[in-house]
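Labels run A, B, C, D and E following the written order; every chain starts at residue 1.
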């Protein structure tokens, strides 16, 4: 009996996996006819992803409430909202992938298969109820990313970025694994349920000590994925080196999955951990905010600047784990939705602007963009304003809701630091706007003529911008969505 | 008796690792790692986990390390010309290593009494293939499927990355 | 008398620490990668030590090895690509991006 | 006739116009210009309707509106707008100055005309929103929304150092307003009403249902006050103003000086005083001192400026020092004077910037020594400038005097020594303006470029005449304005006076009896106390 | 007719609006007609209102007409209401009368000037402001008039704005007045907070009906004295007394009719009118009265000394005005309010006469103003010479003319009220006045000494339109004395008319001695006057004594007077330059640029610096990143162990 529940709960993931495999089988046959193949596969992927979304909501409705205790995956609504977000990001990326890959001559059918497999890994990571399946989910995600980064074989910078990410990623997986070992030692089993039981009971002083060490190491593993401060060093180089579309995917989806997993351990469902997650997470949040913002100020390369800004945003996100009332999940969902859409939009536009060969976009290249491409300039400004948190954009609603809930839990100090940081961030977020609108077109090296925007890109950036404006102007819809999904849980 | 065996194998293992660290030639490093893997397998036997020992030898020592040796032979890199910034990095690495080990050791020693007593005595005897198979396909079904997908991705990735011309 | 598992755990902690030290010391990419494999093995040892006769330990070891193998596959592929482009395996050469 | 949702219509009409301007193709600049002007004129007529339907005597909030579909119930944000004595005339000032600003930039702006007028219209929506919002978050929303258009206006169409000025402008205001955001959130949580509505929060605070401890109130007051002080600008936070003014285009300067500076003072009146009476009285002496320093400092520095726009910018620092002095005198005369001076400053400084803009269009320089003897080549222009300069100096009979007199009268009761120092500000303001007037307009026509300068054309007259008429009307017959403000000023003072923090309205203890009836000729018994409102 | 009195100020206002808006298009004749017509109309209305006022019974001799409420906030109330009481009636008559004559004179003087309509527009605006000042019912409306006349003097002094000297003189006049106005404002606030209203009658009634609440503050500076002093500072600013007189001599840059109307007859007397109008307040502040008297007499003597050595004809008359105003303040200071007003009226006539006479001389000599370049104009301009002679005799105080009666009354009041020192100074002042006016006439009209050539031959007599007003003024200067005859000669009509409107100064009890001492004093003062004139004759007519030789003997004294005690340079050095230096160097360049901007940009630079340091941490080598990662994990573990 319980198997059928399992299959229903995992329907979206099964769809994704099967789809991926089918695409892997399909690509060799279509090698010959370059143009027809390049149309069919992306369309198929999009179809699969949308199908998964539909499955997600149909499944969520009639799911029996008790998350399956003995099975290692739960389709509970907490993961539902995050899996919806992951599907949304993958769909947007698949829209924009084809024109970008063709321009960079690394178009492969396999890219889409990888995309689906990575989605599967992330879904597993955010929804798993068992430490082992979390680890495997994390590994699927990481290896998928290593491959994506390495796709552009000809570009030295991309290779270097891939290698750096690979080595550091495997170290963090090692830490993660050692953490699981410790927790396994303390609780005797890898299931979350036993973990939470032990945490709540404070029975054995020494067991909880071991448990704390395990959880700390697990935090290290996940913090690496989020690029929080002590583990952030890879972010700048990888964001700069990797192909910008992949960075667009890379800077949003894994963070959402890692954040969901983190919330499960440190916040969700169980009475406040008696060990001081609050303290060191608080220090890490402050460190990432300040370092992220300060380092971004003096950046000339826009991608590196956005890398540091995403470190800063990771710092803001971490505040969510301190919120121990019921709004924690909705706050985090809204923040991640806004963050991913903003970052996605910004990087998609940058990948358009960087032209053939995906050379890095510096502030100087942006000057006078408003005259050449007013539409793109306006959209990029919208995303940057939203990243700053100017009202009427999604960024503001996200920050407002997050800081509001954080204040409710008495985190006055942290919120003030966060607010001051976003004031500092205004400076470097607005510098590209200054270059685009206020600097004249550079005559001497006439900037590379940006080709007309392909439809895929237009659709992708359009959805991102629509999401940001919708979240900014009429946030009540999304707030309701998040609450309805989570209320179902309670 | 068991204790002496444990001492022997752990000594071999540590010696192999130290050798790996200070070897110049990468081939010798690979070989010393194989030795370490083998000694670990023996330790697994001591811990009544023959299945683990078997797959350790087959997968790790056999497949993965052989793969490493192939790659080393294929690329025959020049010997490691010593670490560029000897002083600083050496000092930093040792300090980090020692303090990491010390921290983990403190954690373990503090929870020593719990570790020794807390665990139920092993009911059945050796952990053979049967028990592992049952657990695998009942409790850990989802991770297994995911690992399947993972390995498919790995092969796919290896082909995409390394094949000369696609 | 069976060996108390604390010794095994001590050994695994030592291996783990040595793995991370090796990582920092060695300049050759492959050897660095081997050190990471070593750290994974240390974790495996800890798992087996903790499971003490229950099936869980071996299952986890099995899955971890599969994962490590997959990782090795992809890692070595990357190393091959790097070597083909820069025909050097010294990590100090790969410092294009900084600041 | 009562138009439903008049306030919302008034606020969002310019924004709708702005979007329309963006959609129309950028080529026909003429159509865009006239459309923007006619739209803002229509909004002005609409706001006149607002005044018409404003009943006298008005005690509390008169026209209140809550827009259903823009709510965010989960967070407690309501789209609640309202008009009372304080913001009625500020709304009018905005809708009055915007068409003039648009009209004045017909010939000034030729680059990216489409987005220029769109930004001006968006700016108008932001400003109206700030004055009309009664919900804290809605207020903050519009407060930030006004930042972006002004930032772009200064940045794109400004002078040479426009980028530095624009960045300084947005950072200065943003740091202040972000602290205010934290304060709003904290206040929302403390009062526990689950909503950001100002009336409900004020009700809670005054009824003691959710009393703030003294330190909380202190910190909240500081957070709010710093944000507003930067905007006013009060003395130590004023250095962004001269840069922003000098680099902004003419229309930008008019709106920046005319309306944006008032948002700071309005914020103090609307939020700081009613919500935090104890803290306000505690800080009143310090703030009054800063205000007086601002008055003297602004005037003195204006004396030595070589650039006309910088001179006017520093004069704004001095004039708004008066406004803050009036607000923190906690006397009815002081408050009335402050709100009245806000309107005067809007008109006289807006006109001054217009005049400098007109001269800049002809000679493309603002340095005073470039000019001399302009009165000979442009007599009408010189006459108009003189009238406006006099209104800015505060010549009795023009609008400046009424505001300044009431402020000084109000603050004299509270602190006569400080007021004595403030009165010297009256002298210095005459000094720098007349000295500038003499160097630019009088004296021999030394440079030949000044010889054949064309006098004002019809469009420029159309901009100046309404301002001059308003200056004279508000100088001579100030009753219609002061009566409508009276109710709101009493409301604001009530919480401060109710807990006996400040002596009753600064009336002398002695009341003269009615004087003898004059024998012949119809006459008024002058001094017997007047019951309000009469007429 | 009595209830239409408030129309008086609106005629000149209408004139100003017409000339201001369409003046440029009207022909010259129409301009002069509207200008003089409007003033004439208000003069006629003033006469009728005067008659109506006379018919009023003594105790209710005032009209009041409230037009509308100007400012009302809380319990402060200021109405736009005009009123007439005997005091303001006298002022109105003088203003409209002398104003009319000067308007007629100016049509001749300003003939052919391109700014002709603009000039008359400003003159009419001035009259409107002056009439508002005197007819105001409350201090605030008086302040409107007060600043209005300041504005008009600014416009008229700087009428020929091409001349840089004229422009800066206008600015100087306005600013110095503005200093006085600032003090005036403070006085107004004090008044409001004591009496709750700013209406004259309200305050007077309060002072009369509650004597215990407002005691006479003898010997100590109470709030009443402070208010009185502040009002007096305002008056000093407007009527050019000791500290704030520097603007009047420079105001001579304006056209001569302006000097005659504004800087002799009307505006400068506003200060005295203010003090006399608030006599009820001043009588309760003896200390304030003392300061008024002392400052007045000081100015009188001080200005007279400077007048002795001036070369420019208008400068001489300017210092003489300052000196005569000093006399008026001295009189008011000792309580002789009527005496002060009497001298104000007579001075308006003969000083206007002298100025207009000087104007026709300058007109005749095509702009020449230096006395030493003039000479034997007696033959070329006989009529001007005759009227100037009458004016000189009047101002010198030669018995029989108006100057004698009014000055003698002041001197007598000084003597009788026990201020002997002030009396002696007064006599010295009178002597000097006689001397420098005689010197002026002799230098201008007398024959040149043999050596120097004279410009006399080119001069031509002024046209009738200028001479007729001169003649009328001459007649007035002679006849004006009779309205205020001293007790031993006849009844003092002016005193009867004014007494109900003025408060009685308790201290200034009437004449200590009998009539005989009064006559003796009068004889003494007329003797002093004749002595002065004789001395001038000796110097400039019979040339017995050589002025340059005298100057040679006292070189320092001569240079001191010649450079007007270097007061202008003193003010510039002590106030203006340091103020400019501080605001440029200390405030603007240092405080704004360095401190605040430095702070702001500093934080910016620090943040960018910190950013750079953090950026350099990214060394690019994987091993460093791995080290960071392990160090991070380590800190987390250690943190758990320690905390």
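Some observations on this one:
As a working rule, a contact is a pair of C-beta atoms (placed from the backbone, for glycine too) under 8 Å apart; a residue touches a chain by one contact, two chains touch by 3 or more.
Note that the structure is predicted; figures quoted are calculated from it, not measured.
Common neighbours of chain A and chain D (chains touching each): E. Under the contact definition stated at the top, the chains bordering both chain C and chain E are A, B.
Using the average of C-alpha coordinates as each chain's centre, B ends up farthest from chain D.
Chain centre most remote from that of chain A: E (centre = mean of CA atoms). The interface with the greater number of C-beta contacts, when D-E is set against A-E, is D-E.
At the centre of the protein atoms shown, by the Cα-centroid criterion, sits D. Chain B and chain E have centres, each the mean of its CA atoms, that are 105 Å apart. Mean C-alpha position of chain A lies 27 Å from that of chain C. Rounded to a whole number, the gap between the C-alpha centres of chain B and chain D is 73 angstrom. Once the centre of each chain is set as its mean CA position, chain A and chain B turn out to be 31 Å apart. Residue positions 615, 618, 620, 622-623, 626-627, 630-631, 633, 637 of chain E each touch two or more of the other chains.
Chain A has residues 132, 135-136, 139, 143, 146-147, 150, 153, 163-164, 167, 171, 182, 185, 188, 213, 236-237, 427 in contact with two or more other chains. Of all residues in chain B, those that touch two or more other chains are 89, 92-93, 96, 100, 104, 107-108, 112, 115, 119, 139-140, 143, 147, 150, 153-154, 157, 161.
In this structure, the chains touch in the following pairs: A-B, A-C, A-D, A-E, B-C, B-E, C-E, D-E.
Considering their complex, residues 615-616, 618-623, 626-627, 630 of chain E touch chain C.
The part of chain A that touches chain D in the complex is made up of residues 385, 390-392, 396, 400-401, 403-404, 407-408, 412, 415-416, 419-420, 422-423, 426-427, 430, 434, 437-439, 474-476, 479-480, 483. Of all residues in chain B, only 89, 92-93, 96, 99-100, 103-104, 106-107 touch chain E in the complex they form. By the touch criterion stated above, chain A contacts chain C in their complex at residues 132, 135-136, 139, 143, 146-147, 150, 153, 156-157, 159-164, 166-167, 170-171, 173-174, 177-178, 180-182, 184-185, 188-190, 236-237, 240-241, 304. By the touch criterion given at the top, residues 104, 107-108, 110-115, 118-119, 139-143, 145-147, 149-150, 152-154, 156-157, 160-161, 166 of chain B touch chain A in their complex.
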